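You will see subunit A twice below: alongside subunit B first, and alongside subunit C after that.
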Partner chain A sequence: MIRRRPVLSLLTLVTLVFLLFPILVVVGVALSRGDVLRFPPDGVSLRWFGEALSYRPFTDSLGTSAVVAVSATVIALAVGVPATYALHRRSPRGRRFLLTVFLSPLIVPELVLGFALFQLFLVRAGFDALTALIIGHSVLLLPYAVRVTGASLERADPALEAAAAGLGAGPLRTFFGVTLPVIAPGVLSATILSLLTSFNNVPMSLLLTSRTVQTLPVAMLEYVQTSFTPMIAAVSTLLLLLTVAVAVLAERLVGFQQVFGRSAP
Partner chain B sequence: MTDVVELRGVSQDFGAGPVVADLDLAVGAGEMLSLLGPSGCGKSTTLRMIAGYLRPTGGRVFIRGRDATTVAPRRRNIGMVFQSYALFPHLSVAENVAFGLRMRKIGKPERTRRVGEALELVGLGELADRRPGQLSGGQQQRVALARAVVIEPDVLLLDEPLSNLDARLRVQLRGELARVQRETGLTAVLVTHDQEEALAVSDRIVVLHEGRIAQQGRPAELFEHPRSRFVAQFLGYENVLELPGRGPVAIRPEHVRVEPAAGAPAPAPVSFDGIVRELTYRGTHTTATVTVTLPGGPVALQGIVSGASGTGAAALSPGHAARVVLSEPAIVSLLDEPRRPVLEENPV
Partner chain C sequence: MARSRLATAALLLPALALVLVGFAYPYLTMLVAPAADPHPDVVGKLLAAVTDPYVVDIVARTVRVAGLATVLSVAFGFPVAWLISRAPGRWRGVLLLAVTFPLLLSTVVRSFAWIVLLGRDGLVSEALLAVGLTDTPTQLLYTEFAMVVGLTQLFLPLLVLTAYSSLAGVDPTLEDAARGMGAGGAAVFARVVLPLALPGTAVGAILVFAGCMTAYTTPSLLGGTRNRTLATLLYQEANTSLDWSAVSALAIIMTLLVLVVTTVMSRISAIGSRA
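Let's look at the complex of A and B:
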């Protein structure tokens, strides 16, 4: 291939380097033995990984991040999937308007949304930071649930639901026994996308955290403002590994689902 | 014999004029009835109203004598087969067929037995554990048929079940469809736009045109005696013309002979002289379109070029004179004034 298309191959290589180099730097720095963020690193060790894993602000915020990501994802799906179903299958009045409303968190700048929720929840209603974070992230994730499962629903044959109803299944049986299994790959994709989005979110989390309750990216941001050790690179690397692991798992699961659902021999 | 399905004055209007207008229809027990017509004639809409997916905007639907007009599909005992098969992709063939029995809370031993019988009926006994995605279109539609039949429905509703299959498979599967219907003794309503399919499998055909019944009858009755221009043309009577002194008539192209123009006018048969417009080679024969001038104006007639395909066609060419001979016994008289009530209410 290189021989046949030299220019294209070179461009591909340059792009790959451009994309991967920063990541390489981070991983390299994380493996440093020295005390300063520097590339190439001073020696090689796992020292900073150990430090990062025993640094309280990081471990605490990791717990918060996980709780927020899981809770917000569950809420977003619980609201988003039935809403999408209603929008696509029942075609209610004002369908387009409602769809736009459900997708609006994607368009409104997150800082604006975060500030609005900060005013509402933390200042006015006096919610604790964790509740505010969960609700805020749920709003943020709703568009993913609506859009991704909506795409699945649009591909699914509406006659499936008609067939189930004709055979005697009630609306709930039809939804859980037919619709949901059929759109399961879409729901799974939405779940993974939501978990990652929540876990990586900074702008909204920044406004909804308190002294004691922080998400991991916010804690990291705070850390780099005061310290300059390779520990931040180590955390970044761990975060990177986690994200990659989830993505690979997703590929496997969704791929598996597709083979499972409609394979051709 | 009581009617299993009865529609009384049923209408459907989605807001842009009636799709089905004041339709009266009765389907007898064990009967295979076809709703035949071009797309947009209201046949699928009618079927969906029998199934309960659509509530009529007027009139009433009776199933086994009970008023089912407002009854939800799941509370009607219907077996529906969809054009898209609509098999549940996440369930095996056997689980698909068992779905309706499960909803009816039928115990496992009986369920297994009936699923097995239904799959045997459609000849798919050995594919019970496959997923629908692993089956061909024809096999999928047979599973769908088994799934509809196994619940012993009051009426089997078939919505263009063969339209997604290729021509050869369609012919094979329609034979199977007719056999299953006969063996189970189920009452069935088939929606189709394919006149050949309707003629092959039905006890009775109802031709729909713009939401109304254009004509109904046994297949042979309908095919041999179409009454209106619409029905005639839909059934393949390409030639509809006003015969002097006889009013509107129809004749199929295979009963029209096209031959080179002769000097003297032919006496006995009905024949006209005209100009050849087009010749089409069809393998076994050649067809010709000939424009003839009748008292009502010029008419294009289609017929078969007479003689061995080589000789007859060689003597004819577009733009030249030819004689068209209509076979007298094959001429079908149509009603003078074809009914077009919907057309008048709703000019397009």
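Let's look at the complex of A and C:
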């Protein structure tokens, strides 16, 4: 292939280097011994990993990020899966309109939605930042839940459910006994995608902070804007390892492309 | 029958409530009259914003940077997607993985890498010195160039994925047929592949453009305070000023830009694909 299409192969190589080399740079910087951001690093040490893991703003915000990601994913799936099921199997009136409504949070800029929630929930209503974050992230994840489980409901054969109902199973039993196992890979894909999307989110979380509550990416962003030390590279490398673990898990459970191939908004 | 309709409603209502409470109500009231503002005057602030040269300048920069990043994403992403779609099976999986993986990584991490690469002592500056293109270290950070580079790296995978899925739908035997009838590589690409894969790629390009226009992390890290975009301006205003109506005015500009771009461009690409 390389011999048949030399120009195209070179272009692909350049693109891949452009996409992946910066990630390598981050790992390199994380291993520096000195205090400055340099690549290649000056000497090798693990000191910045230690500093990052004992830096309170990062460890605290990691907890917040985890709580928000898990809560928002659970909420988005808990309301999204039944709604998607109703859209696909009970063909309610205004089906297309309802689908548009559920996907609509994807259309608007996240930062603007973050501001809308900030001024209403935090400034006006006096909610705490964690509640606002969880509501905001749930809304953000709902479209993913609806689309990914919708795709697997479309592939599933409704005749299976009809058969279960014909054999005397009630609607609940049919759903939990037949439908849910069939769409389980879809729900799992949506879960992984949702956790990662929430965990990495910046624009929505940016304004939804308080003195004690902040998500990890926002804490990192704040840190990079004020200090130039390899510590941020160490955190980034830890996140990279976590992402690799998630990707491997996704590949094992349902297939990497199944989960992320359609991750485009 | 009535019970079944009730059950359907019960399945749909929680999701509708979430969209209403967490999106529709806050968003719409914010656009018209932000609840936090005791004397909301969004229309007045909007008129002030669109006639303010500072804001107009920032809108122009936002569109310019997003446009350049989109053009670069298409220029590199489309050929790569084509190569991947025509690669043998095992290569295809590896290449798709390599292209998709960066998408899973935090935007903060990916933008941070360019701070290291594009700074005065960065690798790029040193390379320019070594090659002899410059005599003094070059500061590429905090420029529009840095923003374009960062955004392209961020969004190129998205274009590859969308272009790939439409290219995978193009029958390779069509290309063989064109080649068999004497068309060269470039002609096959321009006359057969491009027209068939254009609609899907256009959707990808629209997504990239909208994403670039609303991105916050990359412009704030790589553009610095001198190169504000709509997103960084909106955040700064929301965070420092207490003039909620003025922030709402910026929010309206940003929302309209994105909606107009996505709807108008998808119309155009739909018409283009029918022709």
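In the analysis below, the second predicted complex is superposed on the first by the 248 of 265 C-alpha atoms of A that agree within 3 Å, B and C clash if a C-alpha of one lies under 4 Å from a C-alpha of the other, contacts with A are read in each partner's own complex, and residues count from 1 in each chain.
By our rule, a contact is a pair of C-beta atoms (placed from the backbone, for glycine too) under 8 Å apart; a residue touches a chain by one contact, two chains touch by 3 or more.
Everything numeric here is computed off the predicted structure, so don't read it as measured data.
J.: After lining up the shared chain so the two structures overlap, which partner does A:M231 touch, if you call subunit B first and subunit C second: first, second, both or neither?
T.: After superposing on A, A:M231 lies clear of both subunit B and subunit C.
J.: More residues of subunit A are touched by which partner: subunit B or subunit C?
T.: C
J.: After superposition on the shared chain, which partner residues are touched by A:A72: those of subunit B (first), subunit C (second), both, or neither?
T.: Touch partners of A:A72: none, neither subunit B nor subunit C.
J.: In the superposed arrangement, which partner chain does A:Q119 touch: subunit B (first), subunit C (second), both, or neither?
T.: Only subunit C is touched by A:Q119; subunit B is not.
J.: For A:A190, decide between first (touching subunit B), second (touching subunit C), both and neither.
T.: A:A190 sits against neither subunit B nor subunit C.
J.: First (subunit B), second (subunit C), both or neither: which does A:L160 touch?
T.: After superposing on A, A:L160 lies in contact with subunit B but is clear of subunit C.
J.: Could you give the residue numbers on subunit A that contact subunit B in one complex and subunit C in the other?
T.: 260-265
J.: Within the complex, which stretch of subunit A touches subunit B?
T.: Answer in residue numbers: 157, 159-160, 162-170, 173, 178, 181-182, 184, 260-265.
J.: Quick check: in the complex, which residue numbers of subunit A touch subunit C?
T.: 1, 5, 8-9, 11-12, 14-16, 18-20, 22-23, 25-26, 29, 36-39, 75-76, 78-80, 82-83, 85-87, 90, 92, 98, 101-102, 104-105, 107-113, 115-121, 123-125, 135-136, 138-139, 142, 146, 171, 196, 200, 202-203, 206-207, 217, 220-221, 224-225, 228, 232-233, 236, 239-240, 243, 246-247, 256-257, 260-265
J.: Across the complex, what residues on subunit C touch subunit A?
T.: Residues in contact with subunit A: 4, 7-9, 11-12, 14-19, 21-27, 29-30, 34-37, 76-77, 79-80, 82-84, 87-88, 91, 93, 95-110, 112-117, 119, 121-123, 152-153, 156-158, 161-162, 165, 185, 204, 207, 211, 213-217, 220-221, 231, 234-235, 238-239, 244, 247, 251, 254-255, 258-259, 262.
J.: Along subunit B, where are the residues that touch subunit A in the complex?
T.: Contacts found on subunit B: 51-53, 72-76, 78-80, 82-84, 86-90, 99-100, 103-104, 131-134, 147, 151.
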